[in-house]
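Note that subunit A is present in both complexes that follow, paired respectively with subunit B and with subunit C.
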Partner chain A sequence: MSDNQNAGSAGGGSSRIRAYFDRLDWERIGLAVAAPVLAILFAALVTSVVLLISGKSPTLALSDIFSYDIHPDSTVAILNRATTYFLAGLAVALGFRMNLFNIGVEGQYRIGAFFGAYVAGVVSAPGPVKIILAILVGVLAGALWAGIAAVLKVTRGVNEVIASIMLNYIAINLIAYLLQTNTLGYQPPGSNNVSTKPLPADAMFFTIGTYGGQIWGFVIIAVVLGVGFHLLLSRTRFGFDLRTAGQSDGAAQASGVNVKRMILTALLLSGGLAGLAGIPELLQDAGSYNLTFPPGIGFTGIAIALLGRNNPIGIALGALMWGAFDRASNQLGFDGFQPEITLIIEGTIVISVVVAYELVRRYGLKRQQSRVGRELAAAAAQAAGSKNKEAAA
Partner chain B sequence: MSTSSIVVKNDKQDGKRVGMRRSTVYFLIALALIGVSAVRALTSATDLTSSGQVAGTLALAVPIGMAGLGGLWSERSGVVNIGLEGMMILGTFFGAWGSWHWGAWAGVLTGILGGALGGLLHALVTVTFTVDHVVSGVAINLLALGSTQYLASQTFQKVVGSKQSPPLAALSSWNIPGVSPWLTKLEAHHWFFVSDVAGILGGFVTGLSVLTVLAAALMVGTYFLLWRTPFGLRLRSCGENPIAAESLGVNVYKYKYIAVVVSGALAGLGGVFMVMVSSNVYQDGQTGGRGFIGLAALIFGNWRVGGLSLGAMLFGYTDSLQLRGSDAVHALLLGVAVLLAAIAIRKALSKAYRQAVVYVVFAGVFWLWYGTTHEVAPALVNCSPYVITLVVLAFASQRLRMPKADGMPYRKGQGK
Partner chain C sequence: MSNPPSPCVFSLRPRRERLCFTRRNSPQECAINAPTPQAAGAPAVELRGITKRFPGVVANHDINLTVQRGTVHALVGENGAGKSTLMKILYGMQRPDEGTITVDGAQVELHSPADAIGRGIGMVHQHFMLADNLTVLENIVLGAEKLYGIGGKARAKITEISDAYGLGIRPDELMENLGVADRQRVEILKVLYRGARTLILDEPTAVLVPQEVDALFANLRELKSEGLTVIFISHKLNEVLAVADAITVIRRGTTVGDADPHAVTAKQLAEMMVGSELPSPESRESTVTTVPVLQVESLGLVEVDPDGIERTLLSGINLTIHKGEILGIAGVEGNGQAELVEAIMGMRKPDAGLIQLDGQDLTHVHTRARREAGMGYIPEDRHRHGLLLEAPLWENRILGHVTEEPSGSKGLIHPKAARKDTERIVREYDVRTPGIEVTASSLSGGNQQKLIVGREMSHSPKLLIASHPTRGVDVGAQAQIWDHIRTAQREGMAVLLISADLDELIGLSDTLRVIYRGRLVADADPSTVTPEALGTAMTGAATGHIEETPTEPPTDYTDADHEAGE
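Coming up: the complex of A and B.
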C-alpha cells in the first residue's frame, strides 16, 4: 500500500495509475478468473450436449436466455432475486472464511423468515416499527438457530456440518408444525392457505421505481453489507483473527486468539446473515411467510459462495447469474424447452467450478515451482560463473 | 487382521465403549421388549408392537439403511459422502425408468447403476481432483435433483402427462408358510409380552419383499467383507491412515474408487426400494431427505453395520408410527419417560448424581407431555430422527469414533 502511494506521489496522475497496474499480479488475476470462466464454458458444453441429445437447438436456448434476460423488466427481476441469493451467499462465505461449512443456511433462512414474519405480523405497531422488528427478529432467529450448531461444536465437539443438516430438517418440520391454524398460523377467511398474519401495506420496505419495474430497497442494504463484509474481513483485527483461525487453529491459538469464541461468533454472524436472507422476500413481495416461500435458497447460497470464491464481488456476480438463470427458466418453458434445463446448468457449474479451481491451483503451483526452480538455477549458475572467474583470476 | 485387533484393544482401554459383551446386548434387547410391552399394556396402544407396525418399520428402514450402508462404505474408505441423497434420487429415477422399459428386475439393476454413476462422479471429484468432500456432495445433490427432473420431463411427462412415472411392475414378496398365520393368531390375544413378541416376529415374516431380504443380506455381507477379509482391512485402512496403507502397497485410489462407487450403488438400491416397494411410481422429491437420515443413522451407529441398522430401524419405527396415524406415538412419550427414568436410576447407582438429575428432569418433561396432551403433531414426529441424532451426538460424541482420515484430502505419494 505504502509503495503504491510513494510511486504515485513521485510521478503524475497517469504514472500513478500505471504504477497501480504494474503492482497488480496479472498472473494471479488471470488464474483466478480462468477457473469460473472454464467452469461456465464447460457447463455450456454439457448443456449443449444434453439439448442436442433431446433434439433441441442449444444456440436457440442460449439466444433465448440472453435476449430475454436483457429485457428491462427481466433485469429488475434478476436484480431483486439476486439480492436474496447474495445475502445467502455472504452467509455461507463468512463460514467458509473461517473454514466452517455452514450447510445450515437453508434452515436458518427459513427460521429467520418465519419468525420475522410472525412477530412483525402479530405486534400491533406502525409500519416502520414492524419493518425494523421483522429485520431484527429475522437476524436474531437465524443467528440463534446457527447458535445451536455452534454451541454443540464448541462444547461437545459435534461436527457443524452434521449438526446443521439435522437442524435444517428440524427447522422445516418445526415450521410446518407452527404454521397451522391451531398453533401460530393464520388463515385468511375464504382461503385454504395458512400463513403468518399478513403485513399491512405500510409495513412493506421501500422500492425504487424504474422503467423496468420496482427495484427492491433491500438492494441497497445488500450492497452496504457486501462492503461491510469486505471491510470487516480485510481491514479489522476481528477479520484477521477470523481468517487466521480458519487457516490454522494452532497459529491462531498461539497468537492469543480464542478459537472457540471465534467459531461461536462466526457461526452466529453467518446465521444472522442467513436469517436476513429471507426478509427481502417477506418485506418486498410476499408480506407473510407461507409454505410457498422459495426453498433451496441456502443450497444456492453455497453454490454462489463457491463460485464467487467467498469474495463479495464474486458472490454478487454469482448471485446475478443465478438470478438470470431463474428468470430465463420461466421463458424457456414458453419456447418449448424444459425449464429444468437450467437446474442442469446450475448443477454442472457448481461441480465444474470446484474442479476447475483445483486444477487451476495445481497449474499455478506448478508454474510457480518451475519459475522458482529456474531462478534458483540461474542464480546458482551465476554464482558458479563468478567463482570460476575468481578462480581464473 | 492386525488393525482390527488394535481397534478392539482400544475399545477395551476406553472402558464402556462400543464393545459391549454379547450377553449384555441380549439382556438390553429383552429389557427393551419388556418395557415396550409394559407401555403397550398400560396405554392399550396396540400398534406399538403390532405386526403391521413392524412390517411398516421394515419397509421404511430399508431405504434409510441402504443409504446408511452406502455411507459406511464410503466413509470407511475415508470419503465423506453428503451426496447420498443425490445418489438415491438417481436410483429412484433410473429404477423407475428401467422398470418401465424392461421390467422389475431390470429396474433394480438400472437403479443401482444410476446410483453407482453418482458415486463414480463423487469419486472422480474427491479422489482424483481432491476437492472438499462436502462441497462435492452438495454439488452432486443439486445436479442429481436437476438432471432427474429434466429426465423425468423428457420421458415420463411425454407419456403420462406429469412428472410421475406410470405404475410400475411389482417385485415378488412372500409370507413364510406355516409361521405367519400362527403368529397372527397369537398376536390377537394381546397377552403381555407373548403377543408383543409374536407381533414383532410376525412383522418380520409377513409380506416380506425380495428387496428387503436382499438389503438384509447386504448388511450381513458388508460386515463380513469389511471386517473379516483382507480386502475389507485394506479398504478400512485407507479411511484410517492412507499414507500407512500406501506404504504397505495398497492402491489407495483404487480402494477409494471401489468404496465410493459401491456406496452410490447401495444408495441407488435404497432409491429403487422407494419406487418399487414403498410405492409403485416415481415422483419428484420422493426421497424426502432419506439420504440424510441414512447419514444420521450411520453416525448414530458409530460407523458400524450393527449400529447403523439399529439406527435405521429406530428411525423407521417412528416414521411408521406417524404414517399409520395411530395414537401410538403419544404412547411412545410414556415409553421415553420410562426409559429416561431407568437411565437416571442407573446413573444414580453409579454415583453420577448430576447426570441422574438431568435425566430425571427430562423424564419428568416427557411424563408431563404425555399427561397433558392427547396426541403428538405429525410434523414433530417427523423431526424425531434428527433430534435423536443431535442428542446422541451431543451426549455421546466422545464415544463415537469416525474413521481417522475421514474427509481428509489425500494425494498419492504425499507421505514421502
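Coming up: the complex of A and C.
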C-alpha cells in the first residue's frame, strides 16, 4: 500500500547495494570484530608477562614470530597447514551451529585419514582413482565414526560430548592396533616407521608452485567448502532448519523440524568434514598414514571454530593464525625461546575469546534492545495523537 | 454508584492533569474527585516519584502510590504496564533510580527481599516456590528456622496464624497432595509466618477457578480485618472491584490515577487502564458451516514418567471443528490442553486415535507436513515455541514456513522475499518495531505476538491452533489479535482456541468444551453459559452439557463483560 519508497529502492542496482549496506548493522559488525582483536591483544599481554617473568624479551619474541612468518616459504607452509585446520574448524563449527559439541573431530579425523590412506593404498587403481577413493573413504569413515555418537544421542539420549570424546580414545587405540605389521600396517624395508601402504607419486593431489614453495591444491577445495558452508547455512532450507534447531529446540519442533533427524544429519556432516581434514596431509605430503601423522588437529579445530565464531571467514582467519603460530614455534626454539610460548598464546586466546564473545553478545543484545526502545519511543512521540487503534482493523 | 450523573469518577493528582482521564466521544470533563478513604495514622506504604530505568525502556517513572493500613489496595494495569517492576522495587528485588519508599511513616532503603521482610513487607509470587516432597510445615519453616525452630513451636505458630486468618492449613500434609488454591494459602502463610504486615500478591487469581477466587477473597478480607495490608496486583478488573478498598491504575510505567471501587465500573477502569475504548471479544453472527475441517477421534496419550508410572495425559478425545468455527477449550491449566495441542500439531505422538484435517489423515505425519497441509499455530509459550529470539524478525517470519512461498521453495530459502513479506506483516499487523533486522527479543511481548499471528495468518491456514493467543499481551494488541482471528474465521478458517481467560473463551468461541484430567468432560453454549458454570465444570464437578443453571444473575462487577455478549 504505502510501500512506494521500498519499491523504488529495490529498482536500481546501485541503490540496491546501498540498501544492502544500510541493512548491515555496522555497530554489530564492529562489536563482532572487536572481540577477537581484544582477545588477541590480551593474549599478547599475558604472553609478554610470562616472558618478562622468565627474563626474556617479549618484543624480540613477537618480532621474531612476525618477521619469520612473513617469509615467503613460511607463508606457503602456513597456508598449507591452515588448510587442514580450516577443515577441522568447519567440522566443529557445523556442530556448534546446531548446538552440538562434536569434541570427537580428533577421532573422526584420524579414522578418516587412516581408512582413506589404507583403502587408497591397497586398491590397485590409477592415481586419480586412488585420490577420489581416498577422499570418499576418508569422508565416509569420519562420518560413520561420528554417526556412532549421533545414533547413541538420538536413540538413547547419550550426550554427544561424552560419546565422541570416548570415541576419540577408541579411534586412537583402534588405529594403533590396525597399524601393526601383522594387521593392516606396512613397514617399508629398512625403516622403523609403520604406515599404511604408501601411495604412488601419481596418486598425490596437485600443488601450485610459487617461489615460496608448493601450495596445496586442497586450498582450493577448502575455499569451495567454505563458500558452500556459508551458502548451505544461510540460503538453504536445511541450513535454516539446522540453525533453528541450534537456537531453540522448542521452536524447531513447533516449526516442523525433525530434530532427531537433524542431529543425525548434522553430526554425520560434521564427521564427514572431520574425516576430510586428514586427507590433505595424506595426499599432499605424507602419502600414507603413519605414526607421525599430526595429532591434535581436531582439538585445534575446536579452538579455531570458537575464535572464528563458526563463520567460514572467521575460521579461515583463525586457521591461518594457528598455522602461523605453529610455524613460528619452530623458529623460536632457535632463538633461545621455549617454543611452548605459542601454546600459551593460543590457550590465552581461546579462553579470552570465549569470554569476550559472551560479553560482546550480551552487550550487543542490550544495546539493541535499548535502541529499539529509543526508536519506538521517538516514533510514538511523533505519532502521538493519531494513535487510534481502529487503524489496524 | 454514588455518582450516577457522571461517567468519570477517578481521582487524579492535580499535578498530573495532562493524564486526566477523559472518555472519548464524551463531552463531560473529568471533574469528579473521589478521594480514597483516609485512614488514621501513617500509611502502610507510600511510594513517591519512583523511577526505574532499564536499558532503553523506562519501566517506571514518577510512580506515586499510597497504601493505607488495613486495606486491600489493588494495583491494576495491562501486562507490561510496569506493575511487576514496581512490586519488585517494593520487595527490594530492584533498586529505584529515583524516588522514595516510606513504610509506616519511615523512609527506607530496601536492598534485598530480606530488608523488605524485615520491614514487614512480604510477597506471594505468581509462581509458587514450594517443594513438593516436603510437608506444609517443612515448606513454611524452610529458610526461617531461626524464628520458631522446626518443631512444636513452629507448628503452634502455624496453627495460630492459620486459625487467626481462616486459612485452614494442615501442617503435616504433603505438599504434593495439595491443590493450587491450598498451595497459594501455604504461600500466604509462609509470608505471614515471617512477620509480614503488608502482603504483595502478584496476580494471585491467574491460576484459580472462580470458586477458588471467592475463597481467596474471603481470606484477604480476613487479613484486612486483622489490620494487615494487602497490595493486590491484577489486570482482572471484576476481581479488583470485588475485593479492593482502593485502586491505583498504572499505565505505561506511571500511575495515572486512583479510582474508588465503589463508584467505578469495570469498563471505566479498563478504559483508564488502556487509555481508550475497551475492546471486548463479543460474539457476532455465526459463521459456522457444516464442513468439518479438523476431526479428532478417540485421541489418547500416555506418558511413562521417570518413576515408571504410567500417566494418562489424554484419553478418548473426540472433537470436530467446522469451517468458520471457533472451538474453545476451557480448563484449569495442566489438564491436558498443552498435550492436546502438541498431539494435533504432531509434536507428540499419540498412543491412540485419529487426526484428520480436511479429510486428510495426518495422524502419523510429521509437524512440517501438518503445517503444509494447512495448520497454523500460535503457541502458548512464544519464547520457547514461537520465536528465535536472537534471530532477526525476517528469519522469524520464515520460521515454521521454510517450505512455503514466499519464504522458501525447492530446498532454498528466499531472504529477499521473506524480508519483503515481513515488512508487510509489520505494517498490516501493526508490529511496533524500528525495522525487520532487529532481533525478536528486542520487541515487547505484544509485538512479538502480533508478528507470530501475522506469520501464521499469512499462509491462510485451514485450521489455526491458538493457544492462549493474548496471554501477556496488552489490551490494544489483544483487540487486534481478536479481530484478526475473527476476520479469518469469517473467511472460513477453523480455530481451536485454548485460553485461561474465560471472557475470551466465551466471547470468541462458537462451541465450548471443558477439559479435565485429559478428558473432554463437558460442553457448553458460549451464548448462554456463565463463567461460574464453566468454572464448576473446570473443577470436574459438572459433566455433560452445561445447561443454563438458574443461579443468581452475575453480580454487578461482571456486568461490563456480559452486556456485550448478551
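In this section, the second predicted complex is superposed on the first by the 342 of 393 C-alpha atoms of A that agree within 3 Å, B and C clash if a C-alpha of one lies under 4 Å from a C-alpha of the other, contacts with A are read in each partner's own complex, and residues count from 1 in each chain.
Heads up, the rule we're going with is that contacts are C-beta pairs under 8 Å (C-beta built on N, C-alpha and C of every residue); 3 or more make two chains touch, one makes a residue touch a chain.
It should be emphasised that the depicted structure is a prediction, and the values quoted were computed from it without experimental measurement.
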According to the stated criteria, A:238 is in contact with first (subunit B), second (subunit C), both, or neither; which is it?
second
Counting only touches as set out at the top, which of subunit B and subunit C does A:187 meet: first, second, both, neither?
neither
May I ask you to decide whether A:376 touches subunit B, subunit C, both, or neither, giving the answer as first, second, both or neither?
second
Check whether A:210 is in contact with subunit B, with subunit C, with both or with neither, and answer first, second, both or neither.
neither
Once chain A of both complexes is superposed, is A:330 in touch with subunit B (first), subunit C (second), both, or neither?
neither
Regarding the shared-chain residue A:359, is it in contact with subunit B (first), subunit C (second), both, or neither?
first
Same subunit A residues contacting subunit B and subunit C, which ones?
none
Using the touch rule from the top, collect the residues of subunit C that touch subunit A in their complex.
55-57, 276-277, 279, 345-347, 366-371, 377, 379, 381, 384-391, 395, 398-403, 408, 411-413, 415, 420, 423-424, 427, 429-430, 432-434, 437-439, 441-443, 476, 479-480, 483
List of subunit B residues in touch with subunit A within their complex:
82, 121, 125, 129-132, 134-136, 138-147, 149-150, 153-154, 289, 292, 295-296, 299, 377, 379-380, 382-383, 386-387, 389-390, 393-395, 397-398
Given the complex with subunit C, which residues does subunit A contribute to the contact?
1-3, 6, 23, 25, 234-241, 243-244, 247-248, 250-251, 253-258, 365-376, 379-380, 388-389, 391-393
Can you list the residues on subunit A that touch subunit B in the complex?
50, 54, 101, 103, 152, 156-159, 161-163, 165-167, 169-170, 173-174, 176-177, 180, 299, 302-303, 306, 338, 340-344, 346-348, 350-351, 354-355, 358-359
